[in-house]
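See below for the structure under consideration.
Order of writing sets the labels: A, B and C. Residues in every chain begin at 1.
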Amino acid sequence: MIEQYSNLIKLVCEKKPLVYHITNYVTVNDCANITLAIGASPIMADAPEESADIACVSSALVLNMGTLNESAIASMVSSGKSANGSCVPVVFDPVGAGFSAFRNKSAARILNEVKLSVLRGNISEVRFLAGIQSETKGVDASESDLQNTNDAAIVAKTLSLQLNCVVAITGAVDVVSDGKKVIYIKNGHPMLSNLTGTGCMCSSLIGSFCGAAPDKLLEATVAALLTMGIAGEIAYDKAGINGNGSFKVALHDAVSCMSMDTLLERAKLYEA
Amino acid sequence: MIEQYSNLIKLVCEKKPLVYHITNYVTVNDCANITLAIGASPIMADAPEESADIACVSSALVLNMGTLNESAIASMVSSGKSANGSCVPVVFDPVGAGFSAFRNKSAARILNEVKLSVLRGNISEVRFLAGIQSETKGVDASESDLQNTNDAAIVAKTLSLQLNCVVAITGAVDVVSDGKKVIYIKNGHPMLSNLTGTGCMCSSLIGSFCGAAPDKLLEATVAALLTMGIAGEIAYDKAGINGNGSFKVALHDAVSCMSMDTLLERAKLYEA
Amino acid sequence: MIEQYSNLIKLVCEKKPLVYHITNYVTVNDCANITLAIGASPIMADAPEESADIACVSSALVLNMGTLNESAIASMVSSGKSANGSCVPVVFDPVGAGFSAFRNKSAARILNEVKLSVLRGNISEVRFLAGIQSETKGVDASESDLQNTNDAAIVAKTLSLQLNCVVAITGAVDVVSDGKKVIYIKNGHPMLSNLTGTGCMCSSLIGSFCGAAPDKLLEATVAALLTMGIAGEIAYDKAGINGNGSFKVALHDAVSCMSMDTLLERAKLYEA
C-alpha cells in the first residue's frame, strides 16, 4: 500500500516537473532548493505581467501568502486562473490566515477565484479558513489550537468538502483528507519547527509531487509529507544534536537522498 | 553582574516573544532562523495594509533598511507608530545610512516619526545619524571610520541622548549606551564580517531579547550582542578553518545551543 | 598563461571592490555571501530612488533578471546608465530570457539602453538573445539546447560581436568569448545544477573580478568561472556524497578558501 506513495519519488525524478512558485522572500531559497532536491525544477517569479504566461506552461503552481502584497495577490489570482484553464494543479499555502484582515481578505479572494488542488496549512490557518473559531499567532499555530488529531481530521475533511480539494494540516501528526479518506502521518521531528520554512518546503514538495502525478493529488500530497517527515527524522539523527544550522543542512541532504526504499521502510501512516 | 544578561536567555525561551520584522530580502532567512534559534518567534511581512495590525500585537518590532523601497518605508512608519501606541519595543537598523540621499531621507523620517527603543548600526551609520562626519561605503563601515573604541563610545552616547533610546555600535568591540552608561563587549570574531547579515542578525536578536524584557532595553541589547559575539567565537573554533559556509552553519548552531552558562563563562564586557 | 587568471584572485582581495547587485530575491543571500567569500564587498538594493547614485560609486554592477518586476527594470536601466557614465563595468544575467514576453521585452530594453561589459547566461538564454532559435524551459537550459560545445562557441561569439561585450555561456563546459578569442573551461561538477543560484553566483563572481580588473574583462570572466567550477569540484569531493545541503556549504567553503595555487593546479581551460 505504501508503494503508491514511494513510487511517486521515481516519477518526480523522471518527469522533472516545472514547479512555478509565487511565494515569500523569507524561505524562497529553501523552497527552490528543496524542489531541486526532490528532482523537480523550480521557477520563482511574481510579476503580474508574466504570471499567467508562466503558470499555463508549468507542471504545478504553488501559491504561498508568506510576505503578501497587492502585486503578488494579483499575480496569484491571474496565475491561478491560468493554471486552472490548463489543468495545472494549484497548491495553496495560506500563511498567517486568521492573523490580519489583509491576509483574510486575500485568502478569501484566492479561494473564491482559483480552484485549488491542494491546500496545506497549520491547524490555526486551516481552522480559520474552514470558518471554525481559531487564534492564529503570527505564522505559527497557536498553542490553543495545537493539535488534537481527531479534531484536525474533522477540520481537514470539512474544508476539503467545502473547497473540493485535498486539504493537508501539518503538525506533530500530519492529517490529509480528500473529503472521503483521512490519512494520518506520524513521521517528523519537533526540531522541524525550529527552522523557518519547513511548512513552505512541504508545500513546494506537494507541488513537485502533484506536478509529476496530477491525477493522484491525495497520494502526491501524502508522499510529499512523508518525504519531509522522514527527512526530518534522518536529519535529527545525523545532526540534530549540533544545533539548528547543522539540522537544516542535514534536512536538505536527506530530501536530496530520499529513496523509495527509505520511504517504504520508515513511513508511519494510517488511514481512517 | 553578568547574570543580569545571561538570565535573559531563559526569559526569551519562556516567553517566546513574537518578533515582527520589516527587513531586507537579502538576509531575511538568516534573521528568521536566528530568531527561532534563540527561542523567539519571527514574523516577516511588509505590506502597508497589515503592518500596523501586526505591530501592535507583537512583542517587538525590528525595522531594517537593507533593501529599502517606498512601500517598506510606509510600512515601517505605520508599524512603528502602532508599536509605539502599544508599548511594543522598536529596534531600528539603519543599513547604509549615509550612503545615499534616499537612505538618509528615509532614516530621518523614521527617527522623526517613530520613537525607538534601540538603534543598532556600524560606526559609519551611527556616526552619520549622530550628525558627525562620516564616510559610509556600501553597507559596511568605512576604513576611515574603523573603530577607535573611545570614539565609538562618544558617538553612541551622543546619539543615545539625542534620540532617548539605547544605541549599539557593533564592530571589533561592540559599544552600547543608554546615554548614561557605556558598555563594551569584546566578544566576537573577525570572520563574522565575512558573512552577510551578521549585523542584521544582531538586530533580530536584540528584538528577541527586548521582546522578552521590554523593561530592560539596555540589558536586552547587551545580552543579544554577547550571544552573537560568543556564538561567533564558538563557530570559529568549531568550523572557521573550513571556510565561510561551515562557519555560517556553526554560527546558527551556536546561537541555538547558547546557554546561560556559556554566556556567563565567556562574556568579556566592561562598563565605563 | 593561467597566471593571468589566478593573479586576479589576489587583486580582488586587495581592492575589495564594491559590487552593486540588482538581483532576484531567490538567490540574493548566496550572491552576497559568494561575493564576500571571494573578497569583494556586496551591496544589494533595488529602489529606483537610489540605484543611479549607488551604481556610479560602485566598482561593478550586476543586473540579474531572476524575479523581475517593473520597478526593478527601471532601477536596472537607471543604474546601468549611471554605471556606463562612470566607466563602472556592468554584468548582465538575463535569467529566463526566452521564457516569457515580459522577460524578452525587459532584456531587450536593457540591451538597448545599457552598454554591457559582460553577459552571462545558459545556452538557451544566450541563444535567444542572439536571435537564434531556442526553447527556454523555466530558468534552466532546455534539453534540446544542451550543449554542443562548438555550437555554444558560435553563439557566444555571435552575441559578443553584436553587443560588443564579453559573453559567457555556462554549462557542462563553460564558453567565454570577447568576439575574437573563445575560451573553454572544463571545470565544474554536474551537482552544481542541483542547487539554485549557481548561475547567479557565477555572475556575482564575474562582477567581483571585473570590479577588481575593469580593464581585463575577458580574463576576469574566465577567472570567475574557473573559481566556481573548481569550487564545485572541491565541494563534490568533500561533501557531495552527503547530499545537496552539505554540497552547498562546501561550495561556499571552497570559494572562500580559493587560492591562486589551487586555481593554477586545477584549471582546465583551452583557447580556440
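Convention: a residue touches a chain if its C-beta (ideal position, glycine included) is under 8 Å from a C-beta of that chain, and two chains touch if they have at least 3 such contacts.
Keep in mind that what you see is a predicted model, and the values were worked out from it rather than measured.
**Student:** Given which chains touch which, is the overall layout a line, a ring, a star, complete, or other?
**Tutor:** Here the contact pattern is complete, since every chain touches every other one.
**Student:** At the chain A/chain B interface, shared numbers over all numbers used: above half (same) or below half (different)?
**Tutor:** Since fewer than half of the residue numbers are used by both chains, the interface counts as different.
**Student:** Could you put a whole-Å number on the gap between the CA centroids of chain A and chain B?
**Tutor:** Their C-alpha centroids are separated by 33 Å.
**Student:** Could you pull out the residues of chain B that touch at least 2 other chains?
**Tutor:** Touching at least two other chains: 25, 29, 248-249.
**Student:** Quick one: in the complex, what on chain C touches chain B?
**Tutor:** The contact residues of chain C facing chain B are 18, 20, 25, 28-29, 32-33, 36-37, 41-47, 49-50, 53-54, 58, 71, 248-257.
**Student:** Over in the complex, which chain C residues touch chain A? Could you list them?
**Tutor:** 24-27, 29-30, 66-70, 96, 99-103, 137-140, 194-197, 242-246, 248-249
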